[in-house]
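Several structures are given next for inspection.
Consider the two complexes below, in which subunit A is the common component and subunit B and subunit C are the respective partners.
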Partner chain A sequence: MAKKVLTVDDDPDVRLFTTTVLEENGYMPVEAGNGEEGLQMIQSEKPDLIILDVLMPRQSGIRLYRELRTNKSLAKVKVIILSGIAKKTFLRSQQALTEFGETAVPEPDFYLEKPVDADVLAETIKKAIG
Partner chain B sequence: MTQILLIDDEPDILRVLARSLRADGYEVFTAGSGIDGITEFERVHAKIVLTDIKMPGMDGIEVLKRIKGMDADAEVIIITGHGDIGNAIEALHFGASDFINKPVRDDALTIALKRAEEKIDIRRRLKEYTHDLEGKIEIATRELRRRTNFLDKLIRSSNDGIVATDEHFQIVVFNPGAERIFGYMQEEIIHRRNLPELLSEELAGTVQRAMAAHRSFRELPWREASIASKSGERIPVMFSGSILYEGDQKLGAVAFFQDLREIKRLQRELVHSERLAAVGQTVAGLAHGIKNILHGLKGGSYLVDLGIAKKDDEKLGKGWEMIKRAIGRTSNLVMDLLSYSKERDPQFESCSPNEIAAEVCDLVRERAEQERTELISEFDASIGSVRMDPHTLHTVLLNLVSNAMDACLFDENTSKKWRVCVRTAAEPRNQIRFEVSDNGMGMNDEVKEKMFTSFYSTKGHRGTGLGLLVTHKLVEEHGGRIEVDTQLGIGTTVSVWLPFREEESGA
Partner chain C sequence: MKIKKLMFVTKFEDLGFDAIQALLSMRKASLEHIVFMNVIEREKVAMQRGVGYKKDEAVRMKEAANIRFIDWAERLFEQGMEVGVYIQVGTLAAEVTKAVQKEEADLVVIGRTHKTALEQFYSGSTVTEMIRRVSVPVLVYKPVSDSPFATGQPFERPLLATDWSPASLRGIDYLVNLKGLIEEVEVVHVADQKDIEGTSAMHAQKTRKDTKSRLEELCRRFQDAGIAARSHVYVGDPEEEIEKAARESQATLVVLGSSSKNLWMERWIGSTPRAIAEKSAFPTLLIPPAQK
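On to the complex of A and B.
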């Protein structure tokens, strides 16, 4: 059975891009338009991989990523961050939250800065879940 | 008790006088001859000596001379024979205090002693006074020295250059601060050089005019200037000076110099680094916006390629739409950039602010419904048609309302019932207040600080980071002002005051 990949981004064009790449490479895409919705989908759809944007309404990718990495049942799920935000900035935000007393979380498995070519995205997905 | 030494060769007189004086409260010593008198005086140092003038051996005049030789302050009263005025005058000449005639009458003696005692008392008081005065002078001198030292140290340790001159401008004080600025040692300057020689022509002229002027002109306020150091380097300084007076008398001049080299250097560095930071921020902000748009373009062209390769019209269509949206966003970004970077004079036209506000609300109403945000408008009906720039008003309000809706959209507290409220209100002095409030996420201090000054976005692909910069600029160009009240997690209210002109009469 095809592996299930959840893409979480508030920009419908980005979702369309990602889901098309997924379909073309034989994965089964599901999508969510914000962090809150994303979290529900993770629980209901149990995806193998999550492709996550950072700046989103309702719940930011920074928050959602922490949820993923501090929740034992979800800790195994692979994550690709796909964002206009630089990796450095993302890590700094995580570190700031840790300094405020929250649990430290590991760096994301993969980090892609927009803009990303379709083949790079496809390769990264393949590296993550085969 | 006052001591009296009685000298007389007649024992009876000696005895009677001694008894009488003791009865009057004196301590009395006696001697029966001149030479015994001197010996006794050496022993007791009586304050008052009463001596007969005619005595065998050493006479009274000799006794007087000897005693005065030993103690000039001793009061010597001479007892003379009746009518012996010549001797009496001689005695006075040698320093006798007084003379009384024989036979010694009590009242005459009392008066003479009293005078002698008064003289002793006056002398004692004079001595005390003199002594006291010396003490006071010493204290004053010490204090003066202390203050002089203090002032001297103060001048020496001052970081500022201090140069003081006499009334002919010859330099008398040249402190280490001045040495550092001018590059001369004080030995080269003090009593050798005049102040104007160290200054630029213009500065020298100022100082000379101040010295020549009427006394009301005595302070030269702080100003920036530059001086040439010994090595010829032009050194930027803050300069101030003052003409020194004592009463109406000109004493000289003092000039103060603050070295501005370090400050100037820091200022240059600051300007440079601020410019770099501004450029960096602009580039980073722009880059973020462009990266999101490029991603859209890549996605669009990927779909178009797929559509062509597979002859899939649906993909082709969707891809083309993506590309068109990316073009639209590029155009918005560029227009924002242009309107931010270009000066624009507001065009005052006849318009109705309430209508413009209503138009803006209509534009976002559909979005508000989708995002479950209630849109409320409260317009002041007293506002009619006025002259202001409708483009400014429309752009500003649309920006603020979109921001308010984003603040709700990005709010992580999903238990809230979000609302955005747009108000207009007529204000005094031909101004209208436009207020846009929301109960969304609010801002922290960092965001609030950056909101009007930096190319900064917290909104991913939704923000170019330019909206509030443009808003702020438009409001300023229109002569208005903007205020923000925000609380993290509670919401934000932005108020904009824009001035308007009355409709032209007859229009």
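On to the complex of A and C.
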């Protein structure tokens, strides 16, 4: 059975891009348009991998990533951050939230800065879930 | 009435990152989430004879806005703020209203519009449209260089102008929630010239004393919350006198209850809050009436 991959991104063009890459490589794509919707989909669809944007309406990827990593039942789900926001900013922001008293969370498994080549994305997905 | 999430609506030429930095002082109160919004006006990319829908232009404008927002968002994320972005093609007031509802924002921040009086009459002022549509307070931010007493902290010395309307009195609850940011509140009422014309000096003094007494009651609400407050009575044209009061008290912000007049009435006879929001040199916070 094909492994399920959830893309959480508010940009429909990016969702179309990742969906195409996923289908071409034999995965089952599902998608969500913001962090809140993403969390609901994660709970209902139980994906093997999440491709997560950072800057989104309602709830950012920074917050959603934090919720995933601090939720025991979701902490093991693999995550690829795919964003225009630089990796160092993502890490600094997580560090700032930890300094404000929130739980420390590990770095994401993979971080890709937009724009990304289809080949690079496919290879990263393969590294993440085979 | 805490401000946890604000929506920052910008066309870039009217509001920039310096305004966000000034507003970040609101973190001391309860601000934790800023949502950036840019609306590409439909007529800039709309269907035109011989040209069609300018899709490439819309994409170019969206990407330009996105690049600016990513840069701003990175700076805020690194400070532990939560950030969101909307870039839409459409009508400003309608798109902002939709986004405010979707995000459940507590405050909308916009820049001053630069339309002429005639353009405003025909198109409807952005501020008026926004106030009429959104149910949350709207802060019309003015560049620091325009504000005579700008300190970079707009909530440091607010001037609350009250006409005793429920909306202007709601301004008290709003400001009380910003306690940590406020040094002193100036509470002002502008009495109508007619109330003292053709009467004795004693009657005019009684009008002043009664008004002052009502203002003192409002000041006590601030003082009970631990905020210093001072009352002032002015007489004359509200638009001119509120501006004068703001200058004399070196205010950093003017707070007004927004009118509930209908759009056509506002267009014909004008509205003090709208006029101050658009013409005053001071940043202006407009508080809407409570939702029915």
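Assorted remarks:
Please note the rule applied: the second predicted complex is superposed on the first by the 130 of 130 C-alpha atoms of A that agree within 3 Å, B and C clash if a C-alpha of one lies under 4 Å from a C-alpha of the other, contacts with A are read in each partner's own complex, and residues count from 1 in each chain.
The rule we apply is simple: a residue touches a chain if its C-beta (ideal position, glycine included) is under 8 Å from a C-beta of that chain, and two chains touch if they have at least 3 such contacts.
The model shown is predicted, which means the values in this text are computed figures rather than measured ones.
In the three-chain model built by superposing on subunit A, subunit B clashes with subunit C.
With both structures placed on the common chain, the touch criterion links A:F17 to subunit B but leaves subunit C unconnected. Of the two partner chains placed around the shared chain by superposition, subunit B and subunit C are both touched by A:G84.
Within the superposed three-chain model, A:E45 lies out of touch with both subunit B and subunit C [touch as defined at top].
In the superposition on chain A, contact of A:E99 is made with subunit C only, not with subunit B.
Once chain A of one complex is fitted onto chain A of the other, the partner contacts of A:E37 are absent, as it touches neither subunit B nor subunit C.
Among subunit B and subunit C, the chain that touches a larger number of residues in subunit A is B. By the document's definition of touching, both partners, subunit B and subunit C, reach A:P57. By the touch criterion stated above, A:E67 is placed in contact with neither subunit B nor subunit C.
Where the contact sets of subunit A with subunit B and with subunit C meet, they give residues 10, 54-60, 63, 84-85.
Residue ranges on subunit A touching subunit B, taken from their complex, read 10-11, 13-14, 16-18, 20-21, 24, 36, 53-60, 63, 83-85, 113-118. Residues 288, 291-292, 294-300, 302-303, 306, 315, 318, 322, 325-326, 406, 409-412, 414, 458-462 of subunit B touch subunit A in their complex.
On the subunit C side of its complex with subunit A, the touching residues are 35, 66, 69-70, 73-74, 77-80, 82-86, 99, 102-103.
The touching residues of subunit A, when paired with subunit C in their complex, are 10, 54-60, 62-63, 84-86, 89-90, 92-93, 96-97, 99-100.
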